[in-house]
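Once you've had a glance at the structure underneath, I'll fire off some questions.
Chain nomenclature is as follows: A, B and C, assigned in order of appearance, with residue numbering initiated at 1 for each chain independently.
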Amino acid sequence: MASNNVVGILTSDPLYRSYFFYCSILILKMMLMSSLTGMKRMIYGVFINPEDTVMHKVKTSTNEKIERVRRAHLNDVENIPLFFVSAFIYCLTGPSVAWATLLFKTYTWCRILHTIVYAIKPLPQPSRMLVWVVGYAITGYMALSSLFYFM
Amino acid sequence: MASNNVVGILTSDPLYRSYFFYCSILILKMMLMSSLTGMKRMIYGVFINPEDTVMHKVKTSTNEKIERVRRAHLNDVENIPLFFVSAFIYCLTGPSVAWATLLFKTYTWCRILHTIVYAIKPLPQPSRMLVWVVGYAITGYMALSSLFYFM
Amino acid sequence: MASNNVVGILTSDPLYRSYFFYCSILILKMMLMSSLTGMKRMIYGVFINPEDTVMHKVKTSTNEKIERVRRAHLNDVENIPLFFVSAFIYCLTGPSVAWATLLFKTYTWCRILHTIVYAIKPLPQPSRMLVWVVGYAITGYMALSSLFYFM
(Lines give C-alpha, C1' and ligand atoms only; values in the text may rest on other atoms or scores of the structure.)
Protein backbone atom coordinates (compact mmCIF):
# COMPACT_ATOMS: atom_id res chain seq x y z
CA MET A 1 0.00 0.00 0.00
CA ALA A 2 1.22 3.46 -0.90
CA SER A 3 1.05 4.89 2.60
CA ASN A 4 3.39 2.22 3.94
CA ASN A 5 6.17 4.05 2.15
CA VAL A 6 6.04 7.23 4.20
CA VAL A 7 5.10 5.41 7.36
CA GLY A 8 7.81 2.82 6.80
CA ILE A 9 10.45 5.43 6.05
CA LEU A 10 9.65 7.63 9.04
CA THR A 11 9.14 4.77 11.49
CA SER A 12 12.30 2.87 10.54
CA ASP A 13 14.69 5.83 10.56
CA PRO A 14 16.36 6.08 14.02
CA LEU A 15 16.44 9.90 13.73
CA TYR A 16 12.65 10.22 13.45
CA ARG A 17 12.07 7.39 15.94
CA SER A 18 14.11 9.39 18.44
CA TYR A 19 12.14 12.55 17.66
CA PHE A 20 8.77 10.78 18.05
CA PHE A 21 9.90 9.14 21.29
CA TYR A 22 10.94 12.39 22.99
CA CYS A 23 7.86 14.21 21.68
CA SER A 24 5.69 11.55 23.32
CA ILE A 25 7.47 11.98 26.66
CA LEU A 26 7.11 15.77 26.46
CA ILE A 27 3.39 15.47 25.66
CA LEU A 28 2.84 13.23 28.69
CA LYS A 29 4.97 15.50 30.92
CA MET A 30 2.99 18.53 29.81
CA MET A 31 -0.31 16.71 30.36
CA LEU A 32 0.73 16.02 33.95
CA MET A 33 0.66 19.77 34.61
CA SER A 34 -3.13 19.82 34.19
CA SER A 35 -3.50 16.90 36.60
CA LEU A 36 -1.13 18.56 39.07
CA THR A 37 -3.17 21.77 38.99
CA GLY A 38 -6.41 19.81 39.40
CA MET A 39 -5.02 17.79 42.31
CA LYS A 40 -3.76 20.89 44.11
CA ARG A 41 -7.14 22.58 43.59
CA MET A 42 -8.82 19.61 45.30
CA ILE A 43 -6.29 19.50 48.16
CA TYR A 44 -6.44 23.23 48.92
CA GLY A 45 -10.11 23.70 47.98
CA VAL A 46 -9.16 26.59 45.71
CA PHE A 47 -11.19 27.04 42.53
CA ILE A 48 -11.46 29.72 39.91
CA ASN A 49 -14.95 28.98 38.50
CA PRO A 50 -18.11 29.38 40.61
CA GLU A 51 -19.51 26.04 39.34
CA ASP A 52 -16.39 24.22 40.63
CA THR A 53 -16.88 25.41 44.19
CA VAL A 54 -20.36 23.97 44.70
CA MET A 55 -19.34 20.45 45.70
CA HIS A 56 -16.62 21.78 48.02
CA LYS A 57 -18.75 24.51 49.58
CA VAL A 58 -16.05 27.17 49.18
CA LYS A 59 -15.80 30.51 47.40
CA THR A 60 -13.59 31.11 44.34
CA SER A 61 -10.10 32.16 45.38
CA THR A 62 -6.46 31.97 44.35
CA ASN A 63 -3.54 30.29 46.06
CA GLU A 64 0.14 30.96 45.51
CA LYS A 65 1.06 27.23 45.33
CA ILE A 66 -1.49 26.69 42.57
CA GLU A 67 -0.51 29.85 40.69
CA ARG A 68 3.05 28.53 40.75
CA VAL A 69 1.98 25.28 39.05
CA ARG A 70 0.01 27.30 36.52
CA ARG A 71 3.04 29.48 35.75
CA ALA A 72 5.15 26.35 35.22
CA HIS A 73 2.40 25.03 32.92
CA LEU A 74 2.26 28.30 30.98
CA ASN A 75 6.03 28.17 30.58
CA ASP A 76 5.60 24.70 29.01
CA VAL A 77 2.90 26.07 26.72
CA GLU A 78 5.20 28.88 25.60
CA ASN A 79 8.21 26.65 24.98
CA ILE A 80 7.37 23.00 24.20
CA PRO A 81 5.26 23.50 21.03
CA LEU A 82 8.21 25.48 19.61
CA PHE A 83 10.42 22.47 20.32
CA PHE A 84 8.00 20.14 18.49
CA VAL A 85 8.21 22.24 15.34
CA SER A 86 11.85 23.28 15.43
CA ALA A 87 13.06 19.75 16.23
CA PHE A 88 11.04 18.30 13.32
CA ILE A 89 12.40 20.87 10.85
CA TYR A 90 15.90 20.34 12.28
CA CYS A 91 15.61 16.59 11.52
CA LEU A 92 15.14 17.52 7.86
CA THR A 93 18.47 19.39 7.80
CA GLY A 94 20.20 16.01 8.11
CA PRO A 95 21.91 16.05 11.54
CA SER A 96 23.58 12.88 12.83
CA VAL A 97 21.27 10.63 14.84
CA ALA A 98 23.55 10.71 17.88
CA TRP A 99 23.78 14.51 17.97
CA ALA A 100 20.07 15.09 17.41
CA THR A 101 19.16 12.50 20.04
CA LEU A 102 21.52 14.19 22.50
CA LEU A 103 19.71 17.50 21.89
CA PHE A 104 16.25 15.94 22.25
CA LYS A 105 17.20 14.03 25.39
CA THR A 106 18.84 17.06 27.02
CA TYR A 107 15.83 19.23 26.17
CA THR A 108 13.42 16.69 27.64
CA TRP A 109 15.42 16.41 30.89
CA CYS A 110 15.62 20.20 31.15
CA ARG A 111 11.85 20.52 30.90
CA ILE A 112 11.29 17.76 33.48
CA LEU A 113 13.76 19.44 35.85
CA HIS A 114 12.15 22.82 35.13
CA THR A 115 8.81 21.47 36.37
CA ILE A 116 10.42 19.98 39.46
CA VAL A 117 12.31 23.10 40.55
CA TYR A 118 9.43 25.42 39.62
CA ALA A 119 6.26 23.62 40.66
CA ILE A 120 7.04 20.54 42.75
CA LYS A 121 10.02 21.42 44.95
CA PRO A 122 10.80 25.14 44.46
CA LEU A 123 14.58 25.66 44.61
CA PRO A 124 16.50 28.94 44.88
CA GLN A 125 17.57 30.57 41.66
CA PRO A 126 19.51 30.16 39.40
CA SER A 127 18.37 26.50 39.29
CA ARG A 128 15.17 27.22 37.36
CA MET A 129 16.88 29.76 35.15
CA LEU A 130 19.67 27.33 34.22
CA VAL A 131 17.41 24.46 33.13
CA TRP A 132 15.19 26.89 31.25
CA VAL A 133 18.15 28.47 29.45
CA VAL A 134 19.56 25.15 28.25
CA GLY A 135 16.21 24.16 26.74
CA TYR A 136 15.85 27.63 25.22
CA ALA A 137 19.35 27.44 23.69
CA ILE A 138 18.61 24.02 22.15
CA THR A 139 15.37 25.27 20.53
CA GLY A 140 17.16 28.39 19.30
CA TYR A 141 20.09 26.42 17.91
CA MET A 142 17.76 24.09 15.99
CA ALA A 143 15.66 26.98 14.65
CA LEU A 144 18.74 28.93 13.55
CA SER A 145 20.23 25.85 11.86
CA SER A 146 16.93 25.33 10.03
CA LEU A 147 16.73 29.01 9.07
CA PHE A 148 20.13 28.93 7.37
CA TYR A 149 19.45 25.52 5.80
CA PHE A 150 16.16 26.56 4.19
CA MET A 151 17.11 30.16 3.41
CA MET B 1 7.43 15.94 -9.85
CA ALA B 2 9.20 14.51 -6.81
CA SER B 3 7.06 16.27 -4.23
CA ASN B 4 3.91 14.73 -5.62
CA ASN B 5 5.02 11.48 -4.03
CA VAL B 6 4.77 12.61 -0.43
CA VAL B 7 1.77 14.81 -1.13
CA GLY B 8 0.06 12.05 -3.05
CA ILE B 9 0.71 9.45 -0.38
CA LEU B 10 -0.44 11.60 2.54
CA THR B 11 -3.44 13.08 0.75
CA SER B 12 -4.76 9.79 -0.61
CA ASP B 13 -4.49 7.77 2.61
CA PRO B 14 -7.84 7.92 4.49
CA LEU B 15 -6.00 7.82 7.83
CA TYR B 16 -4.12 11.08 7.16
CA ARG B 17 -7.11 12.64 5.41
CA SER B 18 -9.09 12.05 8.59
CA TYR B 19 -6.29 13.55 10.70
CA PHE B 20 -6.02 16.66 8.49
CA PHE B 21 -9.80 17.10 8.46
CA TYR B 22 -10.20 17.07 12.24
CA CYS B 23 -7.12 19.25 12.72
CA SER B 24 -8.70 21.84 10.43
CA ILE B 25 -11.92 21.81 12.46
CA LEU B 26 -10.00 22.17 15.72
CA ILE B 27 -7.97 25.09 14.30
CA LEU B 28 -11.17 26.89 13.27
CA LYS B 29 -12.84 26.12 16.60
CA MET B 30 -9.84 27.48 18.49
CA MET B 31 -9.74 30.59 16.31
CA LEU B 32 -13.35 31.30 17.25
CA MET B 33 -12.24 31.79 20.86
CA SER B 34 -10.35 34.96 19.88
CA SER B 35 -13.40 36.31 18.06
CA LEU B 36 -15.64 35.39 21.00
CA THR B 37 -13.36 37.28 23.40
CA GLY B 38 -13.24 40.26 21.05
CA MET B 39 -17.02 40.31 20.61
CA LYS B 40 -17.65 40.13 24.37
CA ARG B 41 -15.13 42.95 24.93
CA MET B 42 -17.11 45.12 22.50
CA ILE B 43 -20.48 44.20 24.03
CA TYR B 44 -19.42 44.80 27.63
CA GLY B 45 -16.98 47.64 26.86
CA VAL B 46 -14.30 45.85 28.86
CA PHE B 47 -10.71 46.20 27.63
CA ILE B 48 -7.33 45.32 29.02
CA ASN B 49 -5.12 47.73 27.03
CA PRO B 50 -5.38 51.53 27.46
CA GLU B 51 -5.24 52.08 23.65
CA ASP B 52 -8.31 49.83 23.20
CA THR B 53 -10.47 51.97 25.47
CA VAL B 54 -10.08 55.25 23.59
CA MET B 55 -12.82 54.67 21.00
CA HIS B 56 -15.21 53.39 23.66
CA LYS B 57 -14.42 56.10 26.23
CA VAL B 58 -14.05 53.60 29.09
CA LYS B 59 -11.24 52.65 31.49
CA THR B 60 -9.44 49.30 31.42
CA SER B 61 -11.25 46.74 33.54
CA THR B 62 -11.97 43.03 33.82
CA ASN B 63 -15.25 41.18 33.62
CA GLU B 64 -16.00 37.68 34.85
CA LYS B 65 -17.83 36.66 31.65
CA ILE B 66 -14.82 37.61 29.54
CA GLU B 67 -12.34 36.00 31.92
CA ARG B 68 -14.39 32.81 31.56
CA VAL B 69 -13.98 32.86 27.76
CA ARG B 70 -10.27 33.51 28.19
CA ARG B 71 -9.92 30.55 30.56
CA ALA B 72 -11.71 28.33 28.04
CA HIS B 73 -9.32 29.65 25.37
CA LEU B 74 -6.28 28.99 27.58
CA ASN B 75 -7.54 25.47 28.15
CA ASP B 76 -7.59 25.01 24.36
CA VAL B 77 -4.06 26.40 24.13
CA GLU B 78 -2.87 23.94 26.78
CA ASN B 79 -4.54 20.91 25.21
CA ILE B 80 -5.15 21.16 21.46
CA PRO B 81 -1.53 21.59 20.26
CA LEU B 82 -0.71 18.39 22.18
CA PHE B 83 -3.48 16.65 20.23
CA PHE B 84 -2.04 17.87 16.91
CA VAL B 85 1.34 16.30 17.70
CA SER B 86 0.25 13.15 19.50
CA ALA B 87 -2.40 12.32 16.88
CA PHE B 88 0.13 12.71 14.05
CA ILE B 89 2.68 10.47 15.75
CA TYR B 90 -0.11 8.01 16.60
CA CYS B 91 -1.00 7.78 12.88
CA LEU B 92 2.55 6.54 12.25
CA THR B 93 2.06 3.64 14.66
CA GLY B 94 -0.35 2.14 12.13
CA PRO B 95 -3.78 2.19 13.80
CA SER B 96 -6.87 1.19 11.80
CA VAL B 97 -8.53 4.08 9.99
CA ALA B 98 -11.87 3.47 11.72
CA TRP B 99 -10.40 3.44 15.22
CA ALA B 100 -8.19 6.48 14.68
CA THR B 101 -11.07 8.42 13.12
CA LEU B 102 -13.28 7.53 16.09
CA LEU B 103 -10.63 8.95 18.44
CA PHE B 104 -10.20 12.14 16.37
CA LYS B 105 -13.95 12.67 16.03
CA THR B 106 -14.62 12.09 19.74
CA TYR B 107 -11.78 14.43 20.69
CA THR B 108 -13.09 17.16 18.40
CA TRP B 109 -16.62 16.87 19.81
CA CYS B 110 -15.30 16.94 23.36
CA ARG B 111 -13.42 20.18 22.70
CA ILE B 112 -16.47 21.77 21.04
CA LEU B 113 -18.66 20.74 23.98
CA HIS B 114 -15.98 21.95 26.40
CA THR B 115 -16.21 25.43 24.88
CA ILE B 116 -20.00 25.38 25.04
CA VAL B 117 -20.30 24.31 28.69
CA TYR B 118 -17.37 26.52 29.78
CA ALA B 119 -17.73 29.74 27.82
CA ILE B 120 -21.04 29.91 26.00
CA LYS B 121 -23.66 28.33 28.29
CA PRO B 122 -21.96 27.54 31.64
CA LEU B 123 -23.36 24.28 33.02
CA PRO B 124 -22.96 22.81 36.52
CA GLN B 125 -20.08 20.43 37.03
CA PRO B 126 -19.21 17.66 36.27
CA SER B 127 -20.24 18.48 32.66
CA ARG B 128 -17.09 20.47 31.88
CA MET B 129 -14.91 18.01 33.76
CA LEU B 130 -16.32 15.03 31.84
CA VAL B 131 -15.77 16.43 28.34
CA TRP B 132 -12.31 17.61 29.34
CA VAL B 133 -11.37 14.21 30.78
CA VAL B 134 -12.40 12.29 27.66
CA GLY B 135 -10.25 14.53 25.45
CA TYR B 136 -7.39 14.27 27.93
CA ALA B 137 -7.65 10.47 28.00
CA ILE B 138 -7.58 10.29 24.17
CA THR B 139 -4.44 12.45 23.97
CA GLY B 140 -2.81 10.41 26.75
CA TYR B 141 -3.72 7.10 25.11
CA MET B 142 -2.23 8.20 21.77
CA ALA B 143 0.93 9.55 23.41
CA LEU B 144 1.43 6.37 25.47
CA SER B 145 0.86 4.16 22.40
CA SER B 146 3.44 6.23 20.51
CA LEU B 147 5.89 6.10 23.42
CA PHE B 148 5.86 2.28 23.49
CA TYR B 149 5.94 2.03 19.71
CA PHE B 150 9.01 4.26 19.30
CA MET B 151 10.81 3.18 22.47
CA MET C 1 19.33 5.14 2.57
CA ALA C 2 15.56 4.97 2.78
CA SER C 3 15.08 8.13 4.85
CA ASN C 4 16.80 10.23 2.21
CA ASN C 5 13.67 9.86 0.14
CA VAL C 6 11.35 11.77 2.44
CA VAL C 7 14.05 14.18 3.48
CA GLY C 8 15.10 14.72 -0.12
CA ILE C 9 11.54 15.27 -1.30
CA LEU C 10 10.59 17.71 1.45
CA THR C 11 13.87 19.61 1.45
CA SER C 12 14.09 20.02 -2.33
CA ASP C 13 10.50 21.20 -2.90
CA PRO C 14 10.39 25.04 -2.84
CA LEU C 15 6.91 24.95 -1.27
CA TYR C 16 8.10 23.07 1.83
CA ARG C 17 11.39 24.97 1.91
CA SER C 18 9.35 28.18 2.12
CA TYR C 19 7.17 26.72 4.89
CA PHE C 20 10.20 25.56 6.92
CA PHE C 21 11.93 28.91 6.44
CA TYR C 22 9.02 31.01 7.73
CA CYS C 23 8.34 28.57 10.58
CA SER C 24 11.94 29.01 11.71
CA ILE C 25 11.60 32.80 11.69
CA LEU C 26 8.34 32.61 13.65
CA ILE C 27 9.92 30.27 16.21
CA LEU C 28 12.83 32.68 16.73
CA LYS C 29 10.47 35.67 16.90
CA MET C 30 8.32 33.95 19.51
CA MET C 31 11.39 32.95 21.52
CA LEU C 32 12.40 36.61 21.68
CA MET C 33 9.25 37.31 23.71
CA SER C 34 10.63 35.30 26.64
CA SER C 35 13.92 37.21 26.47
CA LEU C 36 12.07 40.50 26.23
CA THR C 37 10.01 39.67 29.33
CA GLY C 38 13.13 38.57 31.19
CA MET C 39 15.04 41.72 30.23
CA LYS C 40 12.20 44.00 31.29
CA ARG C 41 11.95 42.14 34.61
CA MET C 42 15.65 42.84 35.22
CA ILE C 43 15.38 46.51 34.18
CA TYR C 44 12.30 47.26 36.30
CA GLY C 45 13.15 44.83 39.13
CA VAL C 46 9.69 43.33 38.86
CA PHE C 47 9.40 39.60 39.54
CA ILE C 48 6.53 37.20 40.05
CA ASN C 49 8.28 34.40 41.99
CA PRO C 50 9.67 34.98 45.49
CA GLU C 51 12.91 33.12 44.63
CA ASP C 52 13.55 35.54 41.74
CA THR C 53 13.51 38.60 44.00
CA VAL C 54 16.31 37.50 46.34
CA MET C 55 19.24 38.72 44.26
CA HIS C 56 17.50 42.00 43.54
CA LYS C 57 16.29 42.62 47.09
CA VAL C 58 12.75 43.51 45.97
CA LYS C 59 9.27 42.11 46.66
CA THR C 60 7.15 40.34 44.04
CA SER C 61 5.06 42.82 42.09
CA THR C 62 3.54 43.45 38.67
CA ASN C 63 4.23 46.19 36.17
CA GLU C 64 2.03 47.30 33.29
CA LYS C 65 4.92 47.41 30.78
CA ILE C 66 5.81 43.80 31.56
CA GLU C 67 2.18 42.65 31.54
CA ARG C 68 1.92 44.18 28.07
CA VAL C 69 4.84 42.07 26.81
CA ARG C 70 3.28 39.01 28.40
CA ARG C 71 -0.05 39.68 26.68
CA ALA C 72 1.75 40.03 23.34
CA HIS C 73 3.50 36.72 24.09
CA LEU C 74 0.21 35.03 25.00
CA ASN C 75 -1.27 36.29 21.75
CA ASP C 76 1.61 34.57 19.92
CA VAL C 77 0.97 31.38 21.90
CA GLU C 78 -2.71 31.46 20.92
CA ASN C 79 -2.07 32.11 17.23
CA ILE C 80 1.32 30.92 15.95
CA PRO C 81 1.00 27.18 16.71
CA LEU C 82 -2.26 27.23 14.71
CA PHE C 83 -0.32 28.72 11.80
CA PHE C 84 2.31 25.96 12.02
CA VAL C 85 -0.36 23.27 11.66
CA SER C 86 -2.74 24.96 9.23
CA ALA C 87 0.09 26.07 6.92
CA PHE C 88 1.52 22.53 6.81
CA ILE C 89 -1.85 20.98 5.98
CA TYR C 90 -2.47 23.76 3.45
CA CYS C 91 0.80 22.82 1.66
CA LEU C 92 -0.67 19.34 1.13
CA THR C 93 -3.67 20.79 -0.71
CA GLY C 94 -1.28 21.71 -3.54
CA PRO C 95 -1.25 25.53 -3.67
CA SER C 96 1.19 27.29 -6.00
CA VAL C 97 4.57 28.04 -4.43
CA ALA C 98 4.26 31.77 -5.11
CA TRP C 99 0.82 32.09 -3.50
CA ALA C 100 1.67 29.99 -0.45
CA THR C 101 4.94 31.88 0.05
CA LEU C 102 3.05 35.18 -0.14
CA LEU C 103 0.69 33.96 2.59
CA PHE C 104 3.56 32.73 4.81
CA LYS C 105 5.57 35.92 4.32
CA THR C 106 2.60 38.20 4.99
CA TYR C 107 1.69 36.21 8.10
CA THR C 108 5.26 36.41 9.42
CA TRP C 109 5.42 40.19 8.87
CA CYS C 110 2.04 40.64 10.56
CA ARG C 111 3.22 38.79 13.65
CA ILE C 112 6.47 40.78 13.78
CA LEU C 113 4.53 44.05 13.43
CA HIS C 114 2.02 42.83 16.03
CA THR C 115 4.84 42.45 18.55
CA ILE C 116 6.22 45.88 17.70
CA VAL C 117 2.94 47.80 18.01
CA TYR C 118 1.85 45.79 21.07
CA ALA C 119 4.96 45.31 23.18
CA ILE C 120 7.83 47.41 21.90
CA LYS C 121 6.36 50.72 20.71
CA PRO C 122 2.64 50.75 21.62
CA LEU C 123 0.69 52.53 18.87
CA PRO C 124 -2.93 53.73 18.92
CA GLN C 125 -5.55 51.32 17.64
CA PRO C 126 -6.47 50.09 15.05
CA SER C 127 -2.80 49.38 14.22
CA ARG C 128 -2.58 46.29 16.45
CA MET C 129 -6.03 45.13 15.42
CA LEU C 130 -5.20 45.41 11.70
CA VAL C 131 -2.00 43.35 11.80
CA TRP C 132 -3.69 40.79 14.03
CA VAL C 133 -6.70 40.48 11.70
CA VAL C 134 -4.59 39.90 8.58
CA GLY C 135 -2.71 37.05 10.29
CA TYR C 136 -5.99 35.66 11.61
CA ALA C 137 -7.57 35.78 8.15
CA ILE C 138 -4.60 33.95 6.59
CA THR C 139 -4.76 31.14 9.17
CA GLY C 140 -8.53 30.90 8.73
CA TYR C 141 -8.28 30.85 4.95
CA MET C 142 -5.72 28.03 5.04
CA ALA C 143 -7.72 26.02 7.57
CA LEU C 144 -10.95 26.43 5.58
CA SER C 145 -9.20 25.44 2.33
CA SER C 146 -7.83 22.34 4.09
CA LEU C 147 -11.22 21.53 5.59
CA PHE C 148 -12.91 21.45 2.17
CA TYR C 149 -9.98 19.62 0.57
CA PHE C 150 -9.93 16.78 3.12
CA MET C 151 -13.67 16.61 3.72
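The rule we apply is simple: contacts are C-beta pairs under 8 Å (C-beta built on N, C-alpha and C of every residue); 3 or more make two chains touch, one makes a residue touch a chain.
Just so you know, these numbers come straight off a predicted model, no measurement behind them.
Peer 1: Rounded to the nearest 5 degrees, what angle rotates chain B onto chain C on CA?
Peer 2: It is a rotation of 120 degrees, to the nearest 5.
Peer 1: Under the over-half criterion for shared residue numbers, do copies chain A and chain C use the same patch or different patches to meet?
Peer 2: Chain A vs chain C: different; shared/all numbers falls short of half.
Peer 1: Where the centres are mean C-alpha positions, what is the separation of chain A from chain C, in Å?
Peer 2: About 18 Å separates the centre of chain A from that of chain C.
Peer 1: Name the residues of chain C that each touch 2 or more other chains.
Peer 2: 5-6, 10, 77, 81
Peer 1: Name, in rising order, each residue of chain C that touches chain B in their complex.
Peer 2: It is residues 5-6, 8-10, 12-13, 15-16, 68, 71, 77-79, 81-82, 85-86, 89, 91-94, 122-125, 128, 136, 139-140, 143-144, 146-147, 149-151 of chain C that touch chain B.
Peer 1: What residues on chain A touch chain B, complex-wise?
Peer 2: Against chain B, the touching part of chain A is residues 2-3, 5-7, 10-11, 17-18, 20-21, 23-25, 27-28, 30-31, 33-34, 48-49, 51-52, 54-55, 73, 77, 81, 84.
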